[in-house]
Structures are given as structure tokens and as C-alpha cells.
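Consider the two complexes below, in which chain A is the common component and chain B and chain C are the respective partners.
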Partner chain A sequence: MNVALAILWKDLVSEWRSRDRVMAMLVFSILVAVVFYFALPMLRPEELSALAPGLLWTAYLFSALLGLNRSFALELENDALAGLALAPGNRGWIFLGKAAANWVLISIVQILTAGVFALFYGIDLVPALPGLATVVGLGTVGICAAGTLLAPMAVRTGFREVLLPVLLLPALFPILAGAVEGSGAAVAGRPIPFAALQLLLVTDGIYLIVAFLGFDYVLDE
Partner chain B sequence: MSARLLSLQAVDKRYASVTALSGIELELGAGQGLAILGPNGAGKSTLLRIMAGLAHPTGGKVQFAEGAPQRSRVGYLGHATLLYPELTARENLVFAGRLYGVEDPGARADQLLADEGLSGVANRRARGFSRGMAQRLSIARARVHAPELLLLDEPFTGLDEPSAQRLSLRLEGLAHEGHALVLATHEIDRAARLAQTALVLVEGMVKRRVNAEEMSEPFLRTAYAEALEASP
Partner chain C sequence: MNSNPEGHGNAQASIPSRLESRASRWRRPMGYLLAALGAAYAWSVMSAPIDSTQGIIQKILYIHPPLAYGAYLGFVITGVGGVLFLARQREDLDRLAVASAEVGVIFCTLMLVTGPIWARGTWGVWWSWDARLTVTLLLWFVYLAYLLLRSFSGSSPRTARFAAIYGVVGLVLIPLNYYVIEIFGSRSMHPENLERGSLGDGMGLPFLLGNLTLALAFFYLLILRWEVEAQRRLDDASTSSGA
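Moving on, here comes the complex of A and B:
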């Protein structure tokens, strides 16, 4: 557990000082919002409300891909990833620390992105906040679990920008399905369907267990 | 020979169709120094990464003497520094100490910074360090958990002569303190000073061994040249 906390601290301090990962994700998310704004100019407010969860999750997913890739690209600088791999004990704790740091940083970007979407599309997200926060938080756990498992493999290849999306996006389909359904219900003021929460919880659990146990092999050469 | 710390038996390493190491046999005693010499691409770094537990051999066995697990007994300094540029020197060492479960990582970091003459820059970010300072901090990082064995992969690369000289003296000091050292290098003079035995690797195979009785700079230089000449 101490190893996980040490890595969480290290990633957050490094990001606080450089701010490059959060800035890159945030700028990308805002650009996605702007692109959709111009791509869908004639929509009525009720159509926008219906589309908003899907648009929001599109921005969330692609900015998370950017952040996850960057998270391990930074570990390659000075071969710091080898430094992590050398640490004794269960490497699952390394996964947990990296995943927790990714979750915190991606969540910050998601909160700011939601604000930008609300502003651009004139949607009042305040009444939906508790439900939306639950669904987004759970969905992001799954994204970070799968992404933190796959990113170290992807960044050590010559196709790092391409490989992570190709590996990760198919794994995120169940998360996307549950998250969009749950977010749609929250934005529309309906209770979040139990099936959506169940899908998110089960997928999160599976990805967390697989990644915790599998990270040992991921860090091996 | 001192008590055996590490032995490699018939170690092979292949990457797809490329053989990086073939049939490596070696033994290392506690507190002993071993130099691994060889041209670029000979397999020196791969051998060190296998000893460190960063890579697994495709065949053969790596055995440490009974005791703590492999990764906690080894300090590794590779081509890169393993440092985080946005963390200060002290934070880098405290972080490494926490990874290894060091009891008081702050006190250990302060002690290592003093050992390496870096106390004055303890709170400076590693990004601003010269190559020589970063190398000293890397050595401190490799020693944070007081390992029995230090694996040093081309530690003099990129250093100017005064920095290389200072590093060489520092490594001699560590050897005298009882650390076993494995040093992969091209620099025969420094290898002869730091190690009691040596082996010459060419194309992943041991072409020549130099034992403690034979070890001297002229002998090592000749042995190295002969091993290269004998290879196709």
C-alpha cells in the first residue's frame, strides 16, 4: 500500500510542477466541445440534452487516452519505468498507485470539461451533478484500470500513439455503454438505471483485479 | 573466494530470432568486483538487466544466495538515471526509499546526499542537474536500500574526465565498503581498478575470462584485444 501511495504522491507532485498532462487533456477536451458545437449547429435544446452524454463521453474517452499515454511516456524519460520495475514486492501496488494518479488527474479534466460543455450547449448540469459524478467516477475507474494496464505495453513500442487506442477502446465498450446510459438518465433528471451501475461496477471490478494481478508481467521485458 | 552471492548457469536470452546472450556462466562472491567488457551490442546491458531482475533469461538459471528476494538485493544504475526530473534530489531519494520500504526514507536520503556531496542541492529539481550530478544522484538512488550488489551499466558514459575520475573514486570507496560491483564498461583502466575479475563478451558469448591472479590493466587490455581478434 505504501508503494501505491508513494507513486500517487510522486505523480501528483510531478504534474503539479509541470502541468503538462492536465493542460494537454483539457485543451483537447475543449477542442472536442468546440468541434461538436460547429458540427451540430442546428440542434434544438432537447436534442442537445439527449446527445450531451454521448458527446461528453467522447471528449472524456479521447482526452483520457491522451493522458494515459502521457502518464507512461513520462516514466520512459530517464528509464524511470525500470526504476519502478526494480522495486521489490507485488507490482500490483505500482499499478494501483499509477491508476489512482490517473484517476485524480483525469477527473479534474472531466469536471472542467463538463463545465465547458454546459456553457457551450446551455445545459444546466447542476441538478444532475450527484448522479453524473457517480457515473463518471465509476466509468473513470474502469478507464484508468484498463488504461494503466495497457499503456506501459503500448508506450514501449514504436506505435505508442496508435497502439493504446487500438488496444484500449474495445476494452472500454462496456464502460462506455453503462456510462452513457447512466449519464443520460442523470442529465434527463431520471434515476440512474441499476443495470448501468451494475455494468460499471462489474467491469471496474474485473479490470481492477486483472490489472492488479497482471501488472507483474506488463513490467517485465 | 568470498561467500557466493550470485551465480548464472547456462543463461540464454533471445529476442525473436536474435540471440542476445548464449550460455553465460558466472559466479560472483559477496563484496567482489566483476567487470564485463565487450564492444557495443555484445550483450553487456542485457546481462546486467537479467542480473537485476528486469529481464528474464530465455534459458538457464540466475541464482542468488539464500536471503531476501533478488530485486531487494540489487542496486541498478543503467544508461539512464532512473530519476524524475520534476522531483528534487531529496524527493527522488525519498520516493525510491518508499518503493523499497526503507524505514526512515527521509533520514536515508539525507545521509546519501551527504555521501555523494549533494546536500547543497538537495532541494533542487533533478531536471537542472548536470550529467555528473545526475549520475551521483543515481548512484545514491541505487544505494537507497543498502543493496549487497551494485550493477553499473556504462557509468562513465557522458561524463567529463574530472567527473569520471570522481565517480571512479566513489565506486572504489563503495567496493572497499563491501559492496559487490558488476561493472559493464569499455574503459579498461577503470575496470582493472574496480574489479578483481573480468569477462569479455562478444556477440552474446563469453570469449575470455580474467581471474583475480591475472587482473591488471595491461593483462586485461591484451585479453580484451585477443578476444576481439579471435571473434569473426
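Moving on, here comes the complex of A and C:
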């Protein structure tokens, strides 16, 4: 447990000192929001805001991929990954620390991105906020759990930037299905369907367990 | 089956392993049986009645679902093989996992090819984002990614471990994806199931033969591919030892 907290703290401090990962993800997300506007010029504003939850999640997914890749690419420098592997105790805690740090950083970017989307696409964010925050928070747990398991594999192959999306995106379909459904309800002012929350919770739980147990084999040198 | 307790890490167990040699012995008889069954299957499909509403295109029924079963079987074997490889450090099970993923991808690809042909004939569109279709497509991507992961990271114990973990992710995704269908699948165009007497007269036999033939073809290809993988590892081992 202490290992997890130490790694969480280390990742947050190193990000605070450079702030490059959060900035890169944020700029990228805003660019995606702008790209959607140009890619869908035939839509009227109210049609765009109906699409906004789906567009928002597309931006979230791609910026998360960026951040997850970076989170382990950093550890390759000076062989830090091998150092991590030598940390005493169950490696599942290392996974939890990394995943928690990713969750915090990605969540910061998501909050700011949601603000930008609300501005661009005319969403009234304030009444939707509690529901949206719940769905986004839960969805991001799943993304971080699966991503933190798969990213260290992807960065150690010859095609690191390409491979993570190829590995991760098909695994995130249950998360995406639940998250888009839930976010759509929240933005439209409806109560969030229980099925969506249930799906997110179940998927999060399964990915957390698989990753906690499997991380041992991913980090093994 | 001995679990080879000393086989941890890189210690080379014999290639082919006992399990592999045992499986290989089954391949040739299976081939003969497959040829005979295949002929019976082809004949039964040809002589099956033509569906009164869908016409000749309905005969895809005799190949499309059996391909799907093969694909899922392949993916499950990949996942389970990977788990057992991690748990017992037996490399022959890793080779089984690769072989199974490849055969599963072939079956899944053929299913994804036959599906749209049938859909065009009966639903009027090549592709619909039907829940089951979407889930299978995503699963196909998972196993393509599995094979890419293997080919990008070369052949090493690490590759086998990575692949095994990814195979487990694929394995848990199968029920998860079906759970998604359960919740959001109201738009599904696939029938709920085929068994409840929905097959017309004379369609049961070719469907049964299709399932048997393709299941046999699956295992035949699986064992063949497994042998190839063992041979490949053997070649790698002999070149790396400088022979």
C-alpha cells in the first residue's frame, strides 16, 4: 500500500515540476473539439450539442491514450522501469500507484476539456455536473486500469506509439458504451440509467483485478 | 500430464512437449475424417431445401454460425492457454495460445465476410451496427492486436508473457461485451437463438454437419499450427545456439 502511495506521489510531483503531460493532453483535447467543429460543418448548433457526449468521450479517449503512453515512456529513461520492478512487495501496488496517478492527471484534463466543450457546443454544464462527474470518474477508472496494464507492454515493443491504441481501444468498448449512455443522460438532464453505472462498475472492477494480478508479469524483467 | 516444476524461466522443456506429440498423433486421422465429413456436408447443403422467404442466400446459415463458434472457441483457448502458461510456466501452452489465436482470427474473418453477404441478401444492407456484429468485430480487433503484439515484440519469454496477459484481457472481454449487448442490445437484428425449432424441415442435418465439420476443421488447423509453432521455436533455438 505504501508502495502505491509512494508511486502516486512520485508521478504527481514529477508532473507538477514539468506539467508537460497535462498540457499536451489538454491542448490535444481542445484541438479535437475544434476538429469536430470543422468536421461537422453541416450540423446546426442544437444538433452538435446533442452529439456532444459522444464527441467529448472521443476526445477523452484519445487524450488518455496520449497520457498513458507518456506515463511509461518516461519510465524507460534511465531504466526506471527496471528500478520499479525491483521495488519490494507485490507489484500490484505499483500498478495501483501508477493507475491512480494516471487517473488524477487524466481527470484534471477531463474537467478542463468538459469546460471547453460546454463553451464550444453550448452545453449547460452546471445542472449536469454531479451526474457527469460520476460517469466520467468511473469511466476513467476503467481506462486507467486497462491502460496502465497495457501501456508498459506497448512501450517496450518496436512500435510503441502505434501499439497502445490498437491494444487498448477494442478493450474499452464496455467502458465507452456505459460512459456515453450515462453522459448523454446527464447532459440531457435525465437521471443516469442504472444499467450504465452497473456496466461501468463491473468493468472497472474486472479490469482492476486483472491488472492488479497481471502487472507482475508485465513488469517482470 | 506433468507440470514440469523445474521448467521455470528459460529452462527449455523438450520441443515438442508430450502434450504436443500426443495432439499431433490425432491430426492425421482427423484429416481423413474431415475429408469424409466435408463431402457429406457439401452434399447435404446442396440438397437442403431452398428457403421460401430468403432464397438461396439462406444457405449461408450452414457456415456462418459454425464459423462463429470456431472463432469464439479459438479465443477462449487462447485466453485459457495463456493463463495456464503463466501459472505453470509451460511453453507448449504458449504455443497453443498463439496457434489458437491465429486459427480463431481466420474463423472470425470468414464469419465477418459471410455475415455481410447474408445481411445484404436479407436485411438489405452490407453492414449494420447490430450489437452482436459490433461486439464480434471488436473481438476480432482484440485478437488482431494480440497477433500484432506478438509480431512487434519478437519471440522472447517476455513476448509470451505480454501476450498471455493480453489474452486474459480478451477473455474477460467476451462476457463483458455480451453484457453490453444484454443492456443496450435492443437494436439487435440477429435472432435470439437458432435452436428453438426455428430451422425448417431438412435444414437441421446440414446445420449439424456444418457444425461438426467446422469444429473438426478448427481442431485440425489448430494442431497443424501448433506443430508449426513448435518447429519454429526449435529452429529459433538451433540458430541462436550457433549450430
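Assume the second predicted complex is superposed on the first by the 218 of 221 C-alpha atoms of A that agree within 3 Å, B and C clash if a C-alpha of one lies under 4 Å from a C-alpha of the other, contacts with A are read in each partner's own complex, and residues count from 1 in each chain.
Criterion: a residue touches a chain if its C-beta (ideal position, glycine included) is under 8 Å from a C-beta of that chain, and two chains touch if they have at least 3 such contacts.
Not measured: the values here are computed from a predicted model.
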Touched partner set for A:Ala87, first chain B, second chain C, both or neither: first
Touching partner for A:Asp220 - first (chain B), second (chain C), both, neither: both
First (chain B), second (chain C), both or neither touched by A:Lys10: first
First (chain B), second (chain C), both or neither touched by A:Asn2: first
Touching partner for A:Glu46 - first (chain B), second (chain C), both, neither: neither
Partner with the higher number of touched chain A residues, chain C or chain B: C
First (chain B), second (chain C), both or neither touched by A:Asp124: neither
Chain B versus chain C as contact partner of A:Phe159, first or second or both or neither: second
On chain A, positions contacted by chain B and by chain C: 220
For the chain A and chain C complex, residues of the former touching the latter: 146, 149-150, 153, 156-159, 163, 166-167, 169-171, 173-174, 177-178, 181, 195-196, 198-199, 202-203, 206-207, 210, 214, 217-218, 220
Residue ranges of chain C in contact with chain A within the complex: 86, 134-135, 138-139, 141-142, 144-145, 148-149, 152-153, 158, 161-162, 164-166, 168-170, 172-173, 176-177, 179-180, 183-184
Of chain B, residues touching chain A in the complex: 49, 52-56, 68-69, 71-72, 74, 76, 78-87, 91, 95-96, 98-101, 125, 141
Touch list for chain A against partner chain B, complex: 2-3, 5-6, 9-10, 13-14, 17-18, 77-80, 82-89, 220-221
